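These are the structures in question, set out in turn.
Two complexes are shown next, each including chain A; its partner changes from chain B in the first to chain C in the second.
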Partner chain A sequence: MWTIIKNEGNFLRRNKILLLLSLGFVLILITSLLMGNKQVQQQSLSYETAKEHIRGQWESIKEMNPHSAAHYGTYVFKPSNLLSSLDEGVNSVTGNVLRVEGHVQNEIVHSEASQMEVVSKFGKLKSALLLQYIVPLLLIFLAFHTVSSEKQSGRLKLLILQGAKPFSLVIAKTMAVWLYGIALLVLVIIVYAILNLESITGEIVTRTFLFFLSYATYYFILTGLAVFFSVRWQNATVALTSMLGIWILWTIFIPNIMMSSVEKWHPLPSRAEFKAAMTEDRSKGIDGHNPSDERGKELKEKVLKKYKVDSISQLPINFDGIRMQADEDYGNIVWDKHFGNLRDVQAQQKASFQLGGILNPFISLQNTSKGFAGNDNLHHQEFLLQVEKYRRVLIKQLNDEHAYGGSKSGDWGWKADNTFFKSIADFKYQPIALKTVFSGYLIDVMLLLLWALFILFLLYRGAKKIQVV
Partner chain B sequence: MKALKIFLFEGKHFARNPFKIVALLLFIIAGIYGLHNGANLYKNQLVEIQKINQNIEKERQNIINYYDEGKTGPQARPWVNVTEPFWAIWYSSTYNFKKPSPTMVYSIGQAEQYGFYKKVTFSSSPYDADMAEEIANPERIQNGTLDFSFVALFLLPLVLLILIYNIKSYESEQGFLPLILVQSASKNTWVFSRVLFYFLLIFLSIILLLVYGATLTNVFTLTSGILGDLILISFFYLMFWGVLYAMILFRGKSILGNTLQMVGLYLLFTFIIPAAVHQWISIEKPTNLMTDFIDATRDKKQELYDLPNEVAEAKLFEMYPQIKNTEIAKDSTKNLGALNDSFYALTNQLMKESIAPIQQESLEKNQMVQSTYWFNPVTYFQNHFNKQSGTHYQDYQQYRNQIQTSIDQQIRALVLDTYGGVKVDKPKYLDYLKKFNNDQ
Partner chain C sequence: MITIQNVSKSFRGNLAVKNLNLEIAKGEILGLLGANGAGKSTTINMLLGFLKPDTGSITVKGIDASNKSDEARQLIGYIPENVNLYPYLTGIENLNYFCQLGGLSYSKSELTDMLTKCGLESEAHHKKVSDFSKGMRQKVGIAIAYAKKAEVYLLDEPASGLDPLASNELSELLKKLANEGAAILMASHDLFRVREVCHKIGILKKGSLVKELLTEEVTANELEQLYLDFMKN
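Let's look at the complex of A and B:
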């Protein structure tokens, strides 16, 4: 079998058109990596500048009433991820700026896509674009006639007479073309590693390895299928057009239709419905600025009892801070319910979309690619959750300072000093643990492996029925 | 063999080739699916607007009731007084809508990247957080919706490729090309007639799909000839691919070579060039993180509030010279209240100044995109489709401008009526509604 693989490799090397094509393609791949890296660097620089600017503003607050500071708020920017230069996933369509303030959980805004007219339907020139859409086509072109050409030339009969087993022959043909895809994949990984040598961590190495494995499996599926068609059909043109048809269905047609369909199966509320429902639930709670509310009364009695006093003015602390924190706590229950529902629906959509991998391994590849690159919706939602957790801690610190910092109820002119504001930690995003990511994409990995096994089975069946004459 | 005969013979050839028929049918089915996706979004947006309008009516009726019942506002908010211009305008429930065009059926474009309704008050800005797009799964937005423009721009070249990829090369490989050439007037006429058949077949399919789409959202009611324009632009787009492919067919001799070249061109024009342009623009002009806008909404706004009253008043008088000599402006017991109520005029001006560079940057990005149109035709055609469907960036920029105009109108009325000492009654409130909501 290795002799056949070696021979195939020699054949591919001797093909001048293929060599030229490969050279051109390698150049495009390297360009995509260089451009992708440059863009990530630019975006990271822009992110760092904005982050420092906003943090600088926060730390330069000389003195301010804590509640005014809660309204002044701060901003969190979505950071770029090192693997964005390979696959930027959803980053260009999600917002980048999130306002963090009291009373409300805001939504992330100002996406890149909203800042200019449409340029590319398939995103930027990242390695993922080339590896997902273009390398498979190259593999199809290399594989579609590997066996049929042997049949037509009569070499197949000769090989069988020399003792080659049909299955070994078919596998060897598949492996030869597959290894070409692997070579391109390895090239991408090596160039990526060289460009990011200083920033590479164990986590990135593991993610890149999983990224590599997903593509390697998908390339095997595609190559194997093309070789199978080449075995089954006498006419190479039929094999090619069938594979082109499959490429169109898999990469363009099905993912699009599938994604649109899952959004219909698991509908998200409209923005107006979503806001109205939250307002409704929120209104049942205490109004942060209105102490006459029922819950406000209950809270007041509880606090007065705790401090064993008769009126708010006798309290040694600032009741306004306690009341506002109670309002925040109630608000958090409301946000968790509604934003949690949004996340649940999106998780259902994702689960249904992942099942599409049964019909179309490209769906599994797309999922694992952006998932392992850390730029999928799972990571985006995790970023939003972390920002919200930060918001809650920040606002609680401000409300606690308002309540227990030394002011009395109704003293809205009281101000906390700069040391307090500086003591509040800045937001720091912690990427999701790889274990969680992997478990989220286990189904995609399994489906890719099942597809690979199915292709092996097809090749085995095809080899058994191969017509030598 | 005459050209017409070759043309008609190709029809028979097509009818006997199930593979090609399936390819065309899939293309048409995708087109219908895409049209329905566009029509659904159009209808959903209309329904949403209708629901909001119903709520607006209720909100306004509540305020009108206050006037009828001689109340000044809700009981729980004793500080509200709807007889003052400030509160009457605040409660005018002004919404601005980006009403979908019936031609959205053809291209969803950037419609899912922006909001299409916004409550506008004198403290609003066209870049407020509530301008966010409708709630959607970002992975679906990233994948894009399969709309008609996607079918026309990305599937059309593929279906054309499938229909014509083996013209001439098949005969050449089978060795009966010389036989055909003996019967045919010329090789070029023979190839041209065959390609023309498929060209017209696809063009006819596109026209039928466009007309079908028009019936879904009443595009026929539009008088601006958009349908005709879309037919024309589809023709040119098909022509672009037809000419490219035909050149390959005229020159090439092998099926594999021709297919490889055609697919190569397809990938180059639909994937690689637009993606490279996108990447280039992102490097030259990274995503704007809106720090200048944030500064304006917080620190610079605070600086305005910190201004001495005389300075703030002078700024206001500069903007509205006609209020300088009003009684309230001269009355030291009333002018501070009027200044406080009118402060939004100053903050609005600040916001407008901070928005200008953002819009300039977007304009520059768009100019960069447009400068690539000569070698990036797919992006040109995509944006043309979006423009005709009212889902282009520019349409949403106009929507933002419309919001800004609405804010300016409210502020003008707020300042002039506050300093004019206007007491708002029911007719005046209705007048506000009419003035601020002329687009509803």
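Let's look at the complex of A and C:
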């Protein structure tokens, strides 16, 4: 089998057009990687600068009323991932800046796409675009005639007569084209590693390895299928047309059909419906700024009873801070309920979409690619959750300071000092454990492997039924 | 060496070979004459084990070519009308590649010797096959079979499209192989070449062997007349 692979390698090496094409493609691939890497580095730099600036602003508050500080708020930035230069996933559309303040949970803003002058269907020239769409096309063009050309030229008879086994021949042809794809993939990863040598950690190595395995498996599936068509049909044009049809189905139609179907199977509320439902539920809670609010009165009675006094003015603490925290707590319950539902629906959508990999391994590849690169919705949602947790801790600290820091109820002019503001920890994003990411994409990995086995079976069947004459 | 007994083969009800009986001994060359569709290629494909006969048996050195095709193929060298080699490889690289497929490993000098023995000029050994003429490719094809130490050679229209010189070289080469003990079956339209090279001649018409004779029994002109008579009737 190795002899046949080596011979196919000779064909690839000695074909000047292919060599030129490969060289051009490698240049584009490296350029895209360099551009992506530069963008990631710039984003990281901007992220660090903005983060330091905002933290500096916070720490330079000399004295301020804690509740005013809650309204003043702060900003949290989504850190850019080192693997973004390989696959930026959902990052270009999700945004990366979030304002953290009291009473409200803001939405993340400033997506890359929202700031682009020209929007392309395929996005910017990124490595993932080339690895997911262009490399497979190259592999199809290399594989579609591998066996049919042997049949048409009559060489197949000679090969078999000389002792080549049809299955070995078919597998060797697949492997040869597949190795060409692997070489491009390895080149991307080597360039990526060289560019980021200083920042590479054990986790990045593991993630990159899983990223590599996903692409390697997908390339095998695609190449194997093209070779199968080449075995099955005498005519190379039919094999190419079939394979291109499948490529279009896999990369354009099925993912879009799946997305639309998944949205229908597990519908998300519209933005207006969602906001209205949140507002309605929120209105049933305590109004932190309205002392005559009914539920606020109940809380007041409870606190007065606890401190065994008759009026707010007799309280040793600032009741306004307690009322505002109670308002926050209720708001958090409402947020958890609505966003929890939203996340449940999103999880159902993700699970259904992942099952699309049964029909289309490209779906599994896209999922694992952005998942292992750490730029999928799972990572994005985790970031939003961590920000919300931070917001709650921050606002509670501010409300507690307002309540128990030494002021009295109604004393809105009271101010906490700089030491207090400095003592509040900055937001620190904790990346998701790789184990969690892997379990989230286990089904995609399994489906890719099952597809690879299915392709092996097809090649075996094809080789058994190969028509020599 | 080659025994074909009562072999018939049909495709979708059309009889391609009908009750064929042939025997080719060691060192013997049999020329199979016939028009297009007479069953020559079908017979060769059955000998190669790529087609199974509907009835009858085919053996190569006693090995059943249908049921033990892998074993039988080890003894067979096949030279089609157009020897399509890998155009991006040189003559010697093509020979080496096809030898390696059969698990044979030869040194460079051995490969060169074989190409030379099969008539390929030494300056062509390291040229890419894309620059080869049909005759040169055929010589490499014969070298592939020779390197395999084939005991049986099957040639399908080998002289078609060759210039007289190349055709003559081919005839000499086949005679040499037969002298070394090979059994050769040559399917052809070329009566004169067959008359010149073969020991025995068979005429196939619509799948049936209508005449089998020794070459020495007829002159070239008589053979032509005989052939034309069979084809007309």
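Quick note on the criterion: the second predicted complex is superposed on the first by the 466 of 469 C-alpha atoms of A that agree within 3 Å, B and C clash if a C-alpha of one lies under 4 Å from a C-alpha of the other, contacts with A are read in each partner's own complex, and residues count from 1 in each chain.
Quick note on the criterion: a contact is a pair of C-beta atoms (placed from the backbone, for glycine too) under 8 Å apart; a residue touches a chain by one contact, two chains touch by 3 or more.
None of the values given here were measured: they were computed from a predicted structure.
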Combined model on chain A: chain C and chain B, fit or clash: fit
Angle at chain A between chain B and chain C, C-alpha centres, nearest 10 degrees: 100
A:164 touches, of chain B and chain C: first, second, both or neither? second
Touching partner for A:15 - first (chain B), second (chain C), both, neither: second
First, second, both or neither for A:302, with chain B first and chain C second: neither
First (chain B), second (chain C), both or neither touched by A:7: second
Partner chain in contact with A:155 - chain B first, chain C second, else both or neither: second
Contact breadth on chain A, by residue count: chain C or chain B: B
Distance of closest approach, chain C and chain B, by C-alpha atoms in Å: 17
Chain C-contacting residues of chain A that also contact chain B: none
Chain C - residues contacting chain A, complex: 45, 48, 50-51, 73-74, 76-78, 80, 82-86, 88-89, 93, 97-103, 141, 144, 148
Residues of chain A touching chain C in the complex: 3-4, 7, 10-11, 14-15, 153-155, 157-164, 468-469
Interface residues, chain B side, partner chain A - complex: 19, 23, 26, 30, 33, 37, 44, 48, 51-52, 76, 109-110, 113-115, 117, 127, 129, 131-146, 150, 153-155, 158, 161-162, 165-166, 170, 255-256, 259-260, 263, 267, 270-272, 274-283, 286-291, 294-295, 298-299, 361-362, 365-366, 369, 379, 382-383, 386, 392-394, 396
Of all residues in chain A, those that touch chain B in their complex: 17, 28, 31-32, 35-36, 38-39, 42-43, 45-47, 49-50, 53-54, 57, 72-73, 75, 77, 89-90, 92-97, 99, 106-126, 129, 133-134, 137, 141, 145, 236-238, 240-241, 244-245, 248, 252-253, 255-257, 259-260, 262-263, 268-272, 274, 290, 292, 342, 346, 349-350, 353, 370, 376-377, 380
